[in-house]
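The structure under discussion appears below in the form of structure tokens.
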Amino acid sequence: MTIQLDRPTRPDDLTDLIGRHTAGYSLEAPLYTSREAFDLDMAAIFTKHWLFVAAEAEVPEPGDFVTVQVGPSSVIIVRDDDEQVRAFYNVCRHRGSRLLDDARGSVGNLVCPYHRWTYNVDGRLLHADNQPAGFDCSRFGLKPVHVRSVGGFVFICLADEPPADFDDVAARIDPYLAPYELGRTKVAHQIDIVEQGNWKLVMENNRECYHCDGHPELTSAYFPLHGYTAEDVPPRLRRTWDRFEKATAALQASCVRQGFPLDGMRELDNRPTGFMVAHAPLDGAGKSYTAGGESVCRKRLGSIADDRFGDFHLHMQPNSWFHLLSDHAVVFSVLPLSPDTTLLRSTWLVHADAVEGVDYDVPTLTHVWSATNAQDSAFVARTQRGVEDPGYQPGPYSEVEGDVEAFVSWYVSRVRAHLATTAY
Amino acid sequence: MTIQLDRPTRPDDLTDLIGRHTAGYSLEAPLYTSREAFDLDMAAIFTKHWLFVAAEAEVPEPGDFVTVQVGPSSVIIVRDDDEQVRAFYNVCRHRGSRLLDDARGSVGNLVCPYHRWTYNVDGRLLHADNQPAGFDCSRFGLKPVHVRSVGGFVFICLADEPPADFDDVAARIDPYLAPYELGRTKVAHQIDIVEQGNWKLVMENNRECYHCDGHPELTSAYFPLHGYTAEDVPPRLRRTWDRFEKATAALQASCVRQGFPLDGMRELDNRPTGFMVAHAPLDGAGKSYTAGGESVCRKRLGSIADDRFGDFHLHMQPNSWFHLLSDHAVVFSVLPLSPDTTLLRSTWLVHADAVEGVDYDVPTLTHVWSATNAQDSAFVARTQRGVEDPGYQPGPYSEVEGDVEAFVSWYVSRVRAHLATTAY
Amino acid sequence: MTIQLDRPTRPDDLTDLIGRHTAGYSLEAPLYTSREAFDLDMAAIFTKHWLFVAAEAEVPEPGDFVTVQVGPSSVIIVRDDDEQVRAFYNVCRHRGSRLLDDARGSVGNLVCPYHRWTYNVDGRLLHADNQPAGFDCSRFGLKPVHVRSVGGFVFICLADEPPADFDDVAARIDPYLAPYELGRTKVAHQIDIVEQGNWKLVMENNRECYHCDGHPELTSAYFPLHGYTAEDVPPRLRRTWDRFEKATAALQASCVRQGFPLDGMRELDNRPTGFMVAHAPLDGAGKSYTAGGESVCRKRLGSIADDRFGDFHLHMQPNSWFHLLSDHAVVFSVLPLSPDTTLLRSTWLVHADAVEGVDYDVPTLTHVWSATNAQDSAFVARTQRGVEDPGYQPGPYSEVEGDVEAFVSWYVSRVRAHLATTAY
């Protein structure tokens, strides 16, 4: 017997929920709350798409590694002796022991602590004791994970056949990222937050500024105008809009001077590797994410020649967003832990030669986004509690939530594509 | 494959367990332990029946609210500007954010903290920013929950069509409640306990005094004779019985003087809104629930004219019991949290004009039932541990557990009625 | 809809996994990780086989009891007034209350704290209040569990019909155990560890010394040669092997002198009650499990006449191993708690007349195996994390993991036997 609740909080058929999704409305509850939907998301989204998991600056030298948890999988990201970034499942091929416990570190070889099976950082099994004649080490190398690096950011894909459109996306975003030379940065700070909500709520929250009244630190530099046009900007934001238009003109002139691409791109929901890029001025001093818009690091990134270079941002489906400024970058990776918990990893990058205490200090560098993360975390948690309630039903998006709708639309289409190719 | 345990601790078919229930015996284990039975109880009992959730005294003024958790649902109980008590799901109609975090408080409007959607305390959506032309606020009011107030107690029902017999029950119990004028009380104290047991074990424990040797504080005032008659009272309780008979005669005389109904009513298992009322004298001084039976508040409730007015109690299925005394009332609401945890909320009410520290003090007021709750909580927890054990099998009720049997009988019949009307 | 993950981390059909097991390889992941496999193991293994749960020395006097948790069941092991060891489910036959909370103690009768139902320590219901005429106490005695004592060790079986080969095994191991007279010992120390891994990983870890580089304390006395032969012992262990051969000759001479059986037995995977016994010398002083091999208790066990009597060990499927030395015994019981947690109980026994502080001290007595347990616990935990990872696939056993393979082979055959006799 299946218990029939008066409301379908535990559907037998997520296919139906995906199939009947109403455009312009939030998703039905079980897609945010159930273990079954979490497993579906792991299978349809996180196992099949490219995920941003680390900055190259986190593994600068051969042997440097980080481990990242993608759903049930721990993945080792390691720079090999040829300076290539590699990715492997963090599991010994003997009896399955976890190889590396630490979140980051440096190794010569990868040696399993249980029975000393020893792997090269390129994944080859080099040695295992007490094997019978005919044991073939080449059959027991670490299981590889697809890995690509774009503009200093490391993406992995757990699929056997990753989405083929990633090359195209990489080629198109690279001209925007290249001037920042993010491969020549270092990690100034990194914070992990466990959000008390489904990963999709974390993403949706990021994709709109309808709630930006709740972000006083952010809006002291960021124009809270996401989704608005000159026609529909509300009276309370009219003066902000005027400053925004002047700052936009100045930013565009700077781009022209520096040969930086002028136009944004927005292909959020019409391809496997959905993405958008946009370049927006900042308020106040207009230089960086601080109260008042002042710079937070004295060394500019890469070849950027203008402090007032605004906020270049890249959004990628399913799990990341990036803010690049003249003096630092702050980048975000979203990794689901369970139906109602999600890891948000925020990483601040500064020029490799910047000196802490001289060129920057961490509290100032991280102030705006630390505060913003904490506020968003509360919004996500209260939304999770709400969508778990049988009283929840999907509601309509406002006119300034277009990128939320694009995320949801991308999600629904990708799950449909997965279901269409999966035998049940 | 379904794993077949040697004993049916995880049945596929709760319908069978309900169908084969043996009258006079406790329920089979999965009904107390499984997630499936919990979901069934939510669907068949807590979503379909009237539940006691608050005293009116908890929301005395317009805008005053409490939030209560009924299974997966948070419900706002709020007094509107016309002084009517209203109930709503505590979920925003936009993207589902929880509206109110606090267990109690006071508001002007109900404003969602996420995107500022603003509702009147009568549930109407008053305002939402950035909506397209044609957006119709009237489609997005808060989702209402049925609510009724009887004799100062607030009941809600989550069903689309609540049981129709509630009006009859309300009419029949009102003459007993009215003299206490519980609408003119205030909350002197409230305690929430999370019991480590299934909600049915909490109810069953309340419905008998076979275990009252474990309640020395309670039995210093309460006659531990529940279920006994003059014929079967055991020798060790014979002297207690003699005092009980004398006190009963005095109480009946007082009822006659005051025009209070003499007879009890017991319709525990033959209707959707099962209930019973009974009026019993107290031991010792006979006035209230204290060691020795002395009063705990100097102000008598309502029109009660006699300190020695015993214990008038009301039991209601599925989730409440109420003790009304000349000087205070103590009332109990049981709300399931999970298969093996249950919230027991105990609320002590005194006359609205009683002054703490002058007319009553909280430790004295709450002493007997705080101790009793703690003792019962231990009994419930050890029973939960036992029924989770494959060594458990339903056992027979004794002759003084008739109201436990009535509760179980009511439960089985209500689940059967639910299953008969639900398509699978 | 069943979500189809790209890898079968949540199989619908454990029967298939058992059916396709590859000899010589570790088990497939779901058998170590899933709730379904845990339930299967409870049904096929822990409900159907004899389990070592206590030493007789834990219940020396009538009324002495211990309670042990076997999966969802709590079992009382109690010595009755005729000095027989009895076992019962720890559940009252009335409404299912847990009878005994404590892990050990002593009672006259077994009295339920809830409603005072009173049982003799032989399980008979002696008294229950308020029963109707015709109530038959003999129908409501405690539910018995099969119990056998062999050489001072208590085994229970939850099956209706326990494996019949236990008598044979008992008869064959008794001559090895008898000289130690373990019934005349006392418990010097007992430690419970909750391992963060499936019970099978705990057992597999015990069944090989391939990882013994990780046990420096153990290998100061124990020859880390398990699974090796004179032909395949690696060069780094050659000198150890030479010492081992000399010590073996001396031990055999001592056995002949004392009339102790010379030969081991190894029937690990060809019968329901799989077992092995072996007698091995110790390194260094060769007397006991200490750094250097010195004795840890001045009183020898039973009739053992030689301090240098090595390590007699008994392994039993599914859940135990025993080390008997001239001066003490240390014995281990493995009890699954959940798919990924397992209780390991280690008990040290010394001569009943040995005096703590005079003949032995606990830190010295327990040093080697306490350290070894902690090291093994870390190995088990990291293996559990690994096999939960979709990157895990079963790997090959080395030449020195034959007893691991035998355990796995026994397990697979016993589950197959269970599935063959169970209707689905």
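Lettered A, B and C in written order, each chain numbered from 1.
Criterion: contacts are C-beta pairs under 8 Å (C-beta built on N, C-alpha and C of every residue); 3 or more make two chains touch, one makes a residue touch a chain.
What you see is a predicted model, and the numbers here were worked out from it, not measured in a lab.
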Over half of interface residue numbers shared between subunit A and subunit B means same, under half means different, so which is it? different
Quick check for you: after a Cα superposition of subunit B on subunit C, what is the rotation angle, between 0 and 180°, in steps of 5? 120
Quick one: subunit A and subunit B, Cα centre-to-centre, how many Å? 48
Check each residue of subunit A and list the ones that touch at least two other chains. none
For the subunit C and subunit B complex, residues of the former touching the latter: 12-15, 36, 39-40, 42-43, 47, 72-75, 88-99, 101, 113-116, 128-132, 135, 140, 143, 158-160, 422-424
State the interface residues of subunit A toward subunit B in the complex, per the touch definition above. 1-6, 9-10, 26, 29, 204, 210-211, 213-214, 227, 232, 234, 379, 382-383, 385-396, 398-400
